[in-house]
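Two complexes follow with chain A in common, the first pairing it with chain B and the second with chain C.
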Partner chain A sequence: MRSLFSDAPRVTLTAIYWAFIFYLLLPLTLMMAMSFKDANFVAFPIGEWTLDWYAKVLQDKQFLEACLYSIMIAAATTLAATVLGVWIAMLIVAEGIKGQVIIFALACLPAVVPGMISAISLRIFISTIDMPTGTAAIILGHTVHAVPFVVVMALTRLRSMPGNLVDAARDLGADSFVAFLRVTLPYLGPALFGGMIFCVLLSIDDFVRTFFLGGYRPTLPMLIFAKVQGGMSPEINAMATLVLVVTAAVGLYAEYLTRRARTR
Partner chain B sequence: MEPVVQFDHVTKNYGSQVAVDDLNLSIEAGKFVTLLGPSGCGKSTSLRMLGGFEMPTSGRILLSGKDVTRVPPNKRNVNIVFQDYALFPHMNVAKNIAFGLELKGLDNKSIHRRVSELLELVQLQDYANRLPNELSGGQRQRVALMRALAPDPDVLLLDEPLSALDAKLRQQMQIELKAIQEKTGKTFMFVTHDQEEALTMSDTIVVMNNGRIEQMGDPSTLYGRPGSVFVANFIGETNLLRSTVLGAEGNLTALDWNGITIKADQGGLSPKAGEHLYVVLRPESIHCSATEPTSGNRIKGKIRQRVFKGNHTSLAVEVGDGAVLNTLVHPGDVAQLAGDDIWVGWKPETATVIPDRHAHR
Partner chain C sequence: MSVPKYSTGMAKVVNSSLYQHTLGAAVESRIGRIILLASVPLLWLIMLHVGPIYQMLKISLLSHYPVQPGVESHFTLANYAIFFQESIYFTPLIKSFIFATGATAFTLVVVYPVAYYVAKIVKPQGRSKALLLLLVPFWAGELIRTFSVIMLLANRGAVNVLLREIGLIDRPIPMLYTSFSLGFGLVYLICLYMLLPLYSAIEKIPSPLLDAAADLGAGPFTRFRRIILPLSRDGIVSGCSLVFLTCIGVFATPMLLGGPNTVLFPETISSFFHGASDKWPVGAAFALIMLVTALIAAAIFMRLVGGSKRRAI
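Then we have the complex of A and B:
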C-alpha cells in the first residue's frame, strides 16, 4: 500500500534538488536584477528600473581595455595550450614510447593543483628565471592550467579513432606529418574545438594566477575586483551580467557545435 | 615473366611466437591470388608486411623486382583495402578517392578525371559528395576499393574486405570484385578465412596454416585434389575415410575402410600395401539410390539424419559399424529415398587419397 511515508524519499530528493537550484540561481538573479536599478546603492527595494548602468559600462574605457586584454591573453593561451595538449595526447597514444602513464599524470597535474599553490610556484619560477611579471607570465600561467583539459579531450577522441585511418593515409602515400595534418587533426576537430572554448573560458575567468603573475595592466576579473574594493555599485553588476551572458552564450554554443559534430 | 610480388624466405616473429615461417611465394602479374587460412595462420601478417606495416624478422620482399623490405608504406606502390574500409570520415567520396592522387602530385584536372572514371566503374557517380557515413556498407566497400585503386598500384591488397557485409551482399561483391579485377587487369592479393570467397574469385589460392603454405593451386585443383587433411577439411565439406592400402589397380588403389573394400584415385601418390591413407570423398560425389548400383564403390547404409537445405537435402548415412558418410541429395531424388535403408555409391575416380601425416610420426 502506498502511504505518505513510501513517497518520502522521492519527495525529499525533489525538494533538495529544487532548493539547490534556487540556491544556485538566487545570487545570479539578484546580481542581474540590481544592474537594472536606478539608484546608486545595491539594496532592495528597487524603485525605478533603468539601462543607464549598461550604457555607462559600454562607454567605460577601462572596462573595454580590460576586456580586450583578457581576450588577447585568452587567445594566446588557447593557441599555446592546444598545440601542447595535442602533442602530449599524441605522445600518450603513440606506440613504443615508455612512461606514458607518467606523461599522462604529469600533464593532468596542473588541473588538480590548487590555484593558490600553482600561482605561488609560478611566481617563484618566473622570478628565478628573471622573467618580468606581465603579459607573458600570465599567458604562461594560464597555459599550464589549460593544457590538461586539452590533453584529456584530445585523448578521448584519439582513443575512439579507428587505428587504421592513419595506416590508410600512409598506405596512400602520406608521410607521418601529412597523415597527422590531413587525417588525425580533422578527426580531432570537434574535440579540439570544445577544448579550445574551454581554454578561453578558463583563461578569462582566472583570477588567482593573474593576480600573482600580472603587471599593472588589469585583466577583466582584476578590474572588477578593484572596482568592488572601491565599493559596490550597480555598474559592477551590469559589468558582471555582461560577462556572464557572453561567456554562457559562448559555452552553450560550443557545446551545441561539438554535440552536432559528434553525432555526425 | 618476372613475378610482381616475391616473398623470399620471409619469417616474422612476435617474441617467441612465429607468425610467418619461411614464406616463399611468387605472384604473377594480373592474377587474383587469395591467401586462405584460419585466423592466426599468418595470412594477414604477410599482407601487412607487403604493405609495409610490419617488418619481416628475416628474409626479403620484392615488388616488381625491387627489394622493398625496408621501404616505408608511403613509398611502396601497393595499396590496401582495409577490413573496415578505413575511409576518412571527414572527407566526401570524391576526396577520399583523390587522396592518394593528390599525394602523388597529380594536377587537379587529371585527379578529377581519374576520380570520375573510377566512380563510374562502380556506378557511384551520384555519390561523389556524400560522406562515408551516408553510404551503405556495399557502397563504402566500393569507395574503399576505388580509393586503393586510384594511385594505380602494382598490387592491390585486400584484407578480408567482405567480412563486414551480410551474406547476400557478400556474394554480390565477390562477383563485382572479380569483374573489376578482370576489367582493370590489376594484380589482386586477397586475404580471407572464407573458403567460399576464395573459390569464387581466385585464379590461385594459397592455403596457409601455422605460418606456412599448406598448398597452392587453382581452385578446382585444391577442391578436387587437396594435398593434405588440413586443406581437404578447410575447403568445402568432405568425408575423410582413414583406410589401409590393399594394393594398386592401374590408376586406382584398393583400400580397406572399416572392413569394406573401396577404390580411389591415387592422386599422384604411389601407395604401398599396408600404408595408412585418407580417402577424400566429397558429399556431392556420392550417389544415393534405393537399389544397388551396378558399378563403382557401393555400400549399403541407413539414413541417420536428413537436413533440408533448400536446393538440396543433406543426409548422414551410417555404413558399417558407426561410420557415417555425409552426402547430399537433390530435391528430385528425395522421393525415392523414403525408407531409411539405402545404397550409397561413388565412382572410384571421384575420390582421391592423401597422405596421413600423423602416421609417420
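Then we have the complex of A and C:
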C-alpha cells in the first residue's frame, strides 16, 4: 500500500511531462503538416497532400533573398557580439580593476530591458547619431541584444579556468596579448562556439528590433510576418517549416558540440 | 629583450617590428594593458547599453523631435501627462500587465512540475535528453511559434475541426483574435524561459534532504511545501522575472493573435513612431513609463518572494 502511495507523485509527474511535451510539439507539428496541403487555403482536415508548396517556396526569389539577408545579418552580429562579449568578460575577470559589479550589470542591461523598449530606444538612438535605418542599424541592434549572452557564457567558462595556465604562458615568454590568443581563447573555445550559435539563432529570430531598425529589405521574420498579415496560405507553412528545420538542426548541432566539449 | 622562437605564423607577427612597437609595447606596460582591456568594452557599454536609454529619456522630455526647421524644441513634462489623460493610453498598459502577470503565473504552475520531473525523477544519464526534447520548440523562433498557434485555434484549425468531428459543436468556437488566443500564444511563446531557471534551482536541492524528510514521516505534500518550494525560490524569482519582462515587451504576438479588444501597450507605443513623426517624444515617454513600471513590478516581486533568503537556508 505504501509503495503504491509513494509512487503516485512519480507517475503523475511523468504524465505531466509527456503532456507538456505533447503541448509543445502539437502546434508545430500541425504547422508542418499543413505545409503539405494541396489547396491554397489553411484549414483542417488536410485531405490531399502535395509537395508543390515547397517547390514554390524554393523558387520564390523574395524568400531566398530574405534568407540570405538574415544569414548575412546573423553572421555580422555573431562576429561583433563575440568579440565584444569576450572583451567585456576579460575586463570583468581582470585583476586590479575596480567596479566589476557595475560593469557586469551594465553588460547585462540589454537582456533585462523588454524587447519592445530596447527596439524603441535603439530607433531613437540611431536617429540621434544620424544613422539611417537599414542593414547597419539592424546589425547594431542585434549585437546589443546578443552581447549579454556572450558575456555570461564567456564568464562562466573563464571563472573555471585555472589561473596558472596564463601564468605559465607568461613565464615561457608570451606577452599578455599572446597569452590571451594562445591560451585563454582556445580554453574558451567550446563555450564560445555554443554562444556564437546562440547569437545566430537570436539574430535570425529577432522581429521587433528589425521591425523598427530595418529598411524596406525584409529579413525572414519580417517576410513571414507580412505574409501572415496578408492572408493565410500553406506557402507560409512551407516557408516556416524550412526555417524551423534548419534552425533546429543548427541548434541541435550546437547542443551536441557543447555537450561533447563538456564531457571531455 | 629575449623573444622565444615560435615556429608558427604567429611568431612572425609577434617578432615583427610593427607588432613590437605597437601592441607588443602596449601590453608590456600596466597602463597600456588597462587601456587595451578597458577602452573598447567601456566605450561600448556606455555608448550602446546606456546610450539608447539615455537618449530615450532625453527625447521624452522634449516638446518636438525630430527637430524641424523653424520649430523650437523645449523642455516639457507634457509627454508624460498625456498618458494619464486618455484611457486609450493607459488601458493598454493595464492590459499588458494583466496578460504578462497571468501568463507568468500560469507558466510557473505548468512548468514547475515539468522542471521537477526532469531535475529529480529522471535519472542523471537521461536528463540531457529529457531537456533537449523540451528545447526543440525553442529553436522555432518567436514568429513561427506564434504562427503555429493559429493552426491550432483558427476557426478551421485543429481544435475546432476535432470538436466538430466528435459532434460536440455545430459551428466553430471563435478562439483566434481573442484574449484566449493571445494568452495561449504568450504562454506557448515564453514557457521555456521559465524551465531553465527552475530546473537549475531544483537540481541543486540535495536529494538526501528529501529522503531524510521522508524517513521522518513527511508526506509528498509536506516535503514539497517545507523543502522543495523554499529551496527553489531563487529559480522561481529569476524565472518569473525573465518571463514577465519578456512578456511585457512582446510585439508581434499580440498583433498576430490578438483582436481589437486586446491592444497591448507595445502597439500603442509603436503607433507614435509610425504615425506622424512629431509624436516621437510621446512614444519615448510611454516606453519609459512601461520600462519603469515593469522593472518596479519585477523588483516588488523579487522583494516579496526572494527577499527572505535567510529563511530559505
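By definition in this document, the second predicted complex is superposed on the first by the 251 of 264 C-alpha atoms of A that agree within 3 Å, B and C clash if a C-alpha of one lies under 4 Å from a C-alpha of the other, contacts with A are read in each partner's own complex, and residues count from 1 in each chain.
In the analysis below, contacts are C-beta pairs under 8 Å (C-beta built on N, C-alpha and C of every residue); 3 or more make two chains touch, one makes a residue touch a chain.
Being a predicted model, the structure only gives us computed values, none of them experimental.
Of the two partner chains placed around the shared chain by superposition, neither chain B nor chain C is touched by A:I138.
In the superposition on chain A, contact of A:Y187 is made with chain B only, not with chain C. When chain A is checked against chain B and against chain C, the one touching more of its residues turns out to be C.
Once the two complexes are laid over each other on the shared chain, residue contacts for A:A240 go to chain C alone; chain B is not touched. By the document's definition of touching, neither partner reaches A:I73: not chain B, not chain C. In the overlay built on the shared chain, the residue A:V150 is in contact with neither chain B nor chain C. Residue contacts after overlaying the shared chain place A:M90 against chain C, while chain B stays out of touching range. Once chain A of one complex is fitted onto chain A of the other, the partner contacts of A:L106 are limited to chain C, with no touch recorded for chain B. In the overlay built on the shared chain, the residue A:G173 is in contact with chain B and with chain C.
Counting contacts by the rule stated earlier, residues 172-175, 178, 182 of chain A appear in both its interface with chain B and its interface with chain C.
On the chain B side of its complex with chain A, the touching residues are 51-53, 72-74, 78-80, 82-84, 86-90, 99-100, 103-104, 131, 133, 147-148, 151. Taken together, the chain C residues at the contact with chain A in this complex read 2-4, 10, 14, 23-24, 27-28, 33-34, 36-38, 40-42, 44-46, 48-53, 55-56, 59, 66, 110-111, 113-114, 116-118, 121, 128, 130, 132-145, 147-152, 154, 156-158, 161-162, 188, 191, 214, 220, 245-246, 248-252, 255-256, 266, 269-270, 273, 280, 283-284, 287-288, 290-291, 294-295.
Of all residues in chain A, only 6, 8-10, 12-14, 16-17, 20-21, 23-28, 30-31, 34, 42-45, 84, 87-88, 90-91, 94, 97, 103, 106-107, 109-110, 112-125, 127-128, 140, 143-144, 147, 172-178, 181-182, 201, 204-208, 211-212, 221, 224-225, 228-229, 232, 236-237, 240, 243-244, 247-248, 250-252, 255, 259 touch chain C in the complex they form. By the touch rule above, chain A contacts chain B in their complex via residues 162, 164-165, 167-175, 178, 182-183, 186-187, 189, 264.
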